[in-house]
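Two complexes come next, and they have one chain in common, subunit A, joined by subunit B in the first and subunit C in the second.
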Partner chain A sequence: MATGNKTRDTLWTLIAAPTIWAVHFALSYGSVAYGCAPNENVFADIGGFRIFVGGLTVVALVGIGFIFARALGEWRGNGGRMPHDEDTAAVRERFLEFSTVLLAGLSFIAVIYTALPVALMADCR
Partner chain B sequence: MIFVCAGFAGCTSPQSALDPAGTEAETVATLFWVMLVGAILIWLAVIGLSVFATRIRPKAYGETAGLRLIVWGGCVFPVVVLTALLVWGLQMMPPMRAEANGPTIAVSGERFWWRVAYGVEGEPGVSKTLPEGGTPSANEIWLPAGQRTELLLGSPDVIHSLWVPSIAGKMDAIPGRVNRLVVEPTKPGVYNGVCAEFCGDAHAQMALRVVVVPADEYEAYVARQGAPASVETGNAGFRAFMQNGCDACHAVRGTGAAGEVGPDLTHLASRRTIAAATLPMSRDNLAEFIGFTHRVKPGVQMPSYGMLAEEEIAAIAGWLETLQ
Partner chain C sequence: MSDVTLDRSATRWAGKRDDDDVPAELNFGNVPPASTRNQEDPEVRAGQEARLRHVWAEPKGWRYWSAVNNTEVGLWYTATSFAFMLFAGVLGLMIRVQLAAPDNDFLTASFYNQVYTLHGTVMMFLFAVPIFEAVAIILLPQMLGARDLPFPRLSAFGYWCFLIGGVFVCGSIFFGAAPEGGWFMYPPLTTQERFSPGYGADIWLLGLSFIEVASIAAAVELIVGTLKCRPPGMRLNLMPLYAWYVLVVAGMILFAFPPLIAGDILFELERLFNWPFFDPERGGDPMLWQHLFWIFGHPEVYIVFLPAIALLAMIVPTFARRPIVGYSFIVLAAVGTGFLSFGLWVHHMFATGLPAISLGFFSAASEAVAIPTAVQIFVFVATLLAGRVIYSVPMLFVSGALAIFVIGGLTGVMVALAPFDWQAHDTYFVVGHLHYVLIGGMLFPVVAGVYYFWPMMGGRRLSDKLGKIAFWLMFVGFNTAFLPMHWSGLVGMPRRVWTYPADIGLDLPNLVSSVGAFVFAAGFVTVVWDVLRPRNGEPYADRNTWNAGTLEWLAEVPDEAWGVRSVPIVTSRYPLWEQKNLMADVDMGRFYMPDAEEGKRETMVTSVLDAEPVQCLRVPGPTFMTFWAAIFLGAVFILATFHLWTLTLATAVLATGAILVWLWRGTALQPEKDEKDVGLGLKLPLYASGPKSVGWWAMFITMTGDATAFVSLVFGYFFYFTVSPVFPPPMMAGEEIGPGLAWPLVALALFAASWLAAIFARNTNKAASLGTARLLMGAGALLSLAASAAILWGPYVTGLVPTVHVYPATVWVLAIWTACHGAAGALMLAYCLARSLAGRMTPTHDIDIVNVALYWHFMAGTALVTVATIALFPLAV
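And now, the complex of A and B:
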């Protein structure tokens, strides 16, 4: 349930963070695969693509961080407690907020893991 | 304890990833041992916690304690451990793919043996076919110790995978694409390699020997392999070899036999094994393979020559044994 300036949580807000993770994953792997595709010199530096993935990672982490903070703040504002097992709109809202917090946390770590290879490898090896 | 000791006996062998003789195998073995010790510690902690909660201090634990266990034991700890392993594993990868500074050897996975060509010139990028030329051999790869040798892997028809556990990880040999595997053996010796991708009937009999020697010995070996056969061609063995059409598939350089379907036999007897490391090299085993080819190696493309007289098979085997 939306109260005041709070967001009304739905399945769309729930999947926002994993969607950012998925887009970040596809663009990271797609761009580096494109950069390495000719494969004529696997030792050549791919600095441009690493900067692109780095920038993309910062944007993704900021986005997921925002979703995490928003959902956590609203969950706490709505009582911030478990369990979420009542058949009411308020509990459903709290449940979606808490699920969003967990998924945002997972997506945050996953985005870092996706970006780590280009952080540690300078070429196409 | 007896079973554990018996198990450890298998760790040291010419075909063990736990007894490394190459830089890549050493890295993989280190990773394995660290993860094994880590897994044992985690197992002990989990079992210890279970014993503590059910035997030493059995009581009803509060929700806060349970939540703490989930957050620290189920979230924070795995994330920290996995991140450390990921960073450690990733920084291991570039050195394993470091540029070769030694020879280039083409290795083609055939059904069901390994075609080897020393001293080929690789092309930059991803090639579709293995380079032509080089010094031909089969089923035994010699490598110079302490040098990074580039193996170019290909196949004319089905997918194979070259794996010499003591030296490096495996790499597929795929039709229509040349894969590169750079290996750096560190200890001279004889190691076993296998085909690690199911490729057909005789997949299990598609092995090879890898012989690691000092660099100067390697050069001398390749020079010997490049020379034509120094062998008598006026005897019954050679006549039987030619009359029965063995030369249609096998080359013995310097004798007129120039087939390219099967393994090059020019220096066959200098190899340690026959039939892709299926049998040790000996006159009797050569005769057995010629006469009972499909019993020794089911599914192999060479037809069985059991219809030949025993004396004729013995003569061919005797002649092949002189191909040093």
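And now, the complex of A and C:
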């Protein structure tokens, strides 16, 4: 069982991964929209913005991956069992860890989804 | 499972009925502490019940309308939402009559426009969203074993706002003055007098802005209620799933509604004062409205859908006779959908010519959101498969909901693909899709909820026979009405057309749709009849009539106003199934707060993660002040619609006065003692300030919503910067750019000074240096007024004219926003000063100044961002 510097899970740690998704989404869309505005030349090259979004995606995936691994490790360390319906603070902690794992997984997929258009499109068409 | 036999001697059915008006037994103020009472003594319990009943009794006669308790307000709210829904349903039928045959002239074109605009508007703004608030206000405290929500008067205020705004918007059609621009009001159709003469668009904007106030009020109430008013022991992992959904949805409202309020502000400034936010000839851009509207509008779909799904999450386990399978997965789905739904808004704008790469992001997110949505459906199906399903009318509506919603979801995945959407955009295909999603995802679950929860509300079950008839009429009628719309849409029938020519393949599908619509309506009328029909002769339903597992089924039959007889200790997800003797123990008053010793309404406040008791919260009782505050605030919006500016200002003063009286008399009350015995040997404080108090959280949450609206306005500024070739435009770039540097910086310095004054006022007040604290409050108020004047003086003195171009208009709107908040901040500090002088605020009872200091953190941030945007940013580009 893991000891020492364990994170105490709260509602804030629960939403950390989807928050990363949201920031990544806003910056991806915002930067490319800015790069293409006012959208007069649809063949304008947006290579720089694609690299920016690519880098952003790596950062976001690493961040979410870290949250995923952290939560999964702690959940397993706490016994890693379902359901989480017992009346102890430890089970509440384990519940939040497991929910964090699920949300991090969803956020990871969603970030990849968001990055796909930039990977597939080279200009502002 | 619950095999608990109820100890009937513990309840009022034992024959000992205490009337409300036996003052001799009440003995307020002289009751021994709860922990010392013997709950097994019937005399003790009778006294407790008499006191609780007296304290929580609904007001009599015409004073009934001063009630603020969640049961009364929730009931009014629900009934009003359904009334608006029936009204909009009639409008829907009128649409179907008009479209039943080609070249029909049942309605004139202009009136038809009003009818469909109001149909969509009322269904979305006056039914779909408010019914969530209404149902949550009734159910949430019951599920949490709470006596009431933390801010009952706020709920009542929200309800009156909703009623007034709704009647105003709906009533317009009887004067032929309803909005005509469709429920999303795209400019320039709706902003320019030549396209939209009259008051229709103003009624839409101001009426709905007013209702959005009610929604945000409800969101604040429900978030604080879920996080802080759970029963002791109900840790996050034991919360009913409904509470998770309420938390997520209320959080979404906080981020979704403010952008629309910001959009409404811009829109009204254009309509009333000709500020060119959406006028391309003067640098504006109609696309900004579409962005702001759909940043609200798409999350709104999920704001509508999730609470209805939450009802399913309560109904399904009851009839599957087992706990939900995959509780964590529901939490994943609720939270995940809540987030992802904010990345979908542009999929309503696929046909606007945005770069394909931008569309790609939203198309991808629209596909991704199908994952958490489907997870919920699978969880329900898994629960049903793993359990032993009892067939019943609520389950019938649940299965209908799942079937219809899945079809709507699949067409949703289709239109989320941009190339397909270009074909189907603005056709009846989309009309079919959205009705499948909304009626399957929201109306059917709500009707399931009506059948399921009615025994709790009305004391009797609804008729099984009528329920089955209603279901089949609704299910068959719905599919007959809306399935052919996919076809007529693909044939090419656009939305919102008044009529269509014969022989282009649209006659038959439209006729079928119209027939189906009436069958569907007949089904819904059956439900309404089942609810309203007189049933005095029928026996009461059993208590917990469906044998459910969650706390709302503690409700007595017929209902008692006190919420719960005593606040139970919860140790499981389905306490009525898993905690032996819970109902009897609650009824015997063996848990917390079995009494109202001092004759005050009280509820328990607990900690966020583990629901440890932290405070015994006194909640306010009936008042008409919330009613007057809503009346006056409603008058502000209604009078502004008709440009009656003097009266608008006068009612604004009255509204502010009413709110101040309400706050002065009903909030931050000092209890007569510091702590109180709530039973079982537990003593809880009666007063808390700062992050420990519910008021602090309400301020924090409200200001988060307020900040979202502000960010939306700032987004507008940078949106114009992005889409304009040169921004600020060259003609503005004289010696000084925009509002200049000097006055905005003066304003910033003054705002910073008043921010510091507010913080030091809080600290010195706590340190009991009352003189210094009062001086700081007074000085802070004056500094804030000076700062507000300075921020307006900048653009005024540099001669920015907002009607000339969108640049000065955006600068002005940010300056005015900041100045208004500065004035509010000054008023708050002055209020604290008055409270201190009146002795209502002391070093130990300092809720007011602590909350105002919190407001000032947001205020300082607002001032900083405004000045950085309007004064510093133009220098940097």
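In this text, the second predicted complex is superposed on the first by the 122 of 125 C-alpha atoms of A that agree within 3 Å, B and C clash if a C-alpha of one lies under 4 Å from a C-alpha of the other, contacts with A are read in each partner's own complex, and residues count from 1 in each chain.
Everything that follows uses one rule, which is that a residue touches a chain if its C-beta (ideal position, glycine included) is under 8 Å from a C-beta of that chain, and two chains touch if they have at least 3 such contacts.
Quick caveat: nothing in here was measured; it's all calculated off a predicted structure.
> Please determine whether it is subunit B or subunit C that touches the greater number of subunit A residues.
Counted on subunit A, the partner with more touching residues turns out to be C.
> For A:Phe108, decide between first (touching subunit B), second (touching subunit C), both and neither.
Neither subunit B nor subunit C is touched by A:Phe108.
> Contacts for A:Leu116 in the overlay, against subunit B (first) and subunit C (second): which applies, first, second, both or neither?
both
> Let me test your reading of the model: by the given contact rule, A:Phe68 touches which partner, first (subunit B), second (subunit C), both or neither?
A:Phe68 sits against neither subunit B nor subunit C.
> Does the superposition put A:Arg92 against subunit B (first), subunit C (second), both, or neither?
A:Arg92 contacts subunit C only, not subunit B.
> Name the contact category of A:Phe43: first (subunit B only), second (subunit C only), both, or neither.
First partner only.
> Of the partners subunit B and subunit C, which touch A:Leu11 in the superposed model: first, second, both, neither?
In the superposition, A:Leu11 contacts subunit C only.
> Common interface residues of subunit A with subunit B and subunit C?
38-39, 42, 109, 113, 116-117, 120-121, 123, 125
> Taking the complex as given, what residues does subunit B use to touch subunit A?
75, 79, 82-83, 86-87, 90-91, 93-94, 97, 99, 124-126
> Could you pull out which subunit C residues touch subunit A in their complex?
233, 235-238, 323, 327-329, 331-332, 335-336, 339-340, 342-343, 353-358, 360-365, 367-368, 371-372, 570-573, 608-610, 722-725
> So in the complex, which bits of subunit A are touching subunit B?
Checking each residue of subunit A against subunit B gives 38-43, 105, 109, 112-113, 116-117, 120-123, 125.
> Mind pulling up the subunit A residues that touch subunit C in the complex?
By the definition above, subunit A touches subunit C via 10-11, 14-15, 18-19, 21-22, 25, 28-29, 32-34, 36-39, 42, 46, 82-85, 87, 89, 91-92, 95-96, 98-99, 102-103, 106-107, 109-110, 113-114, 116-118, 120-121, 123-125.
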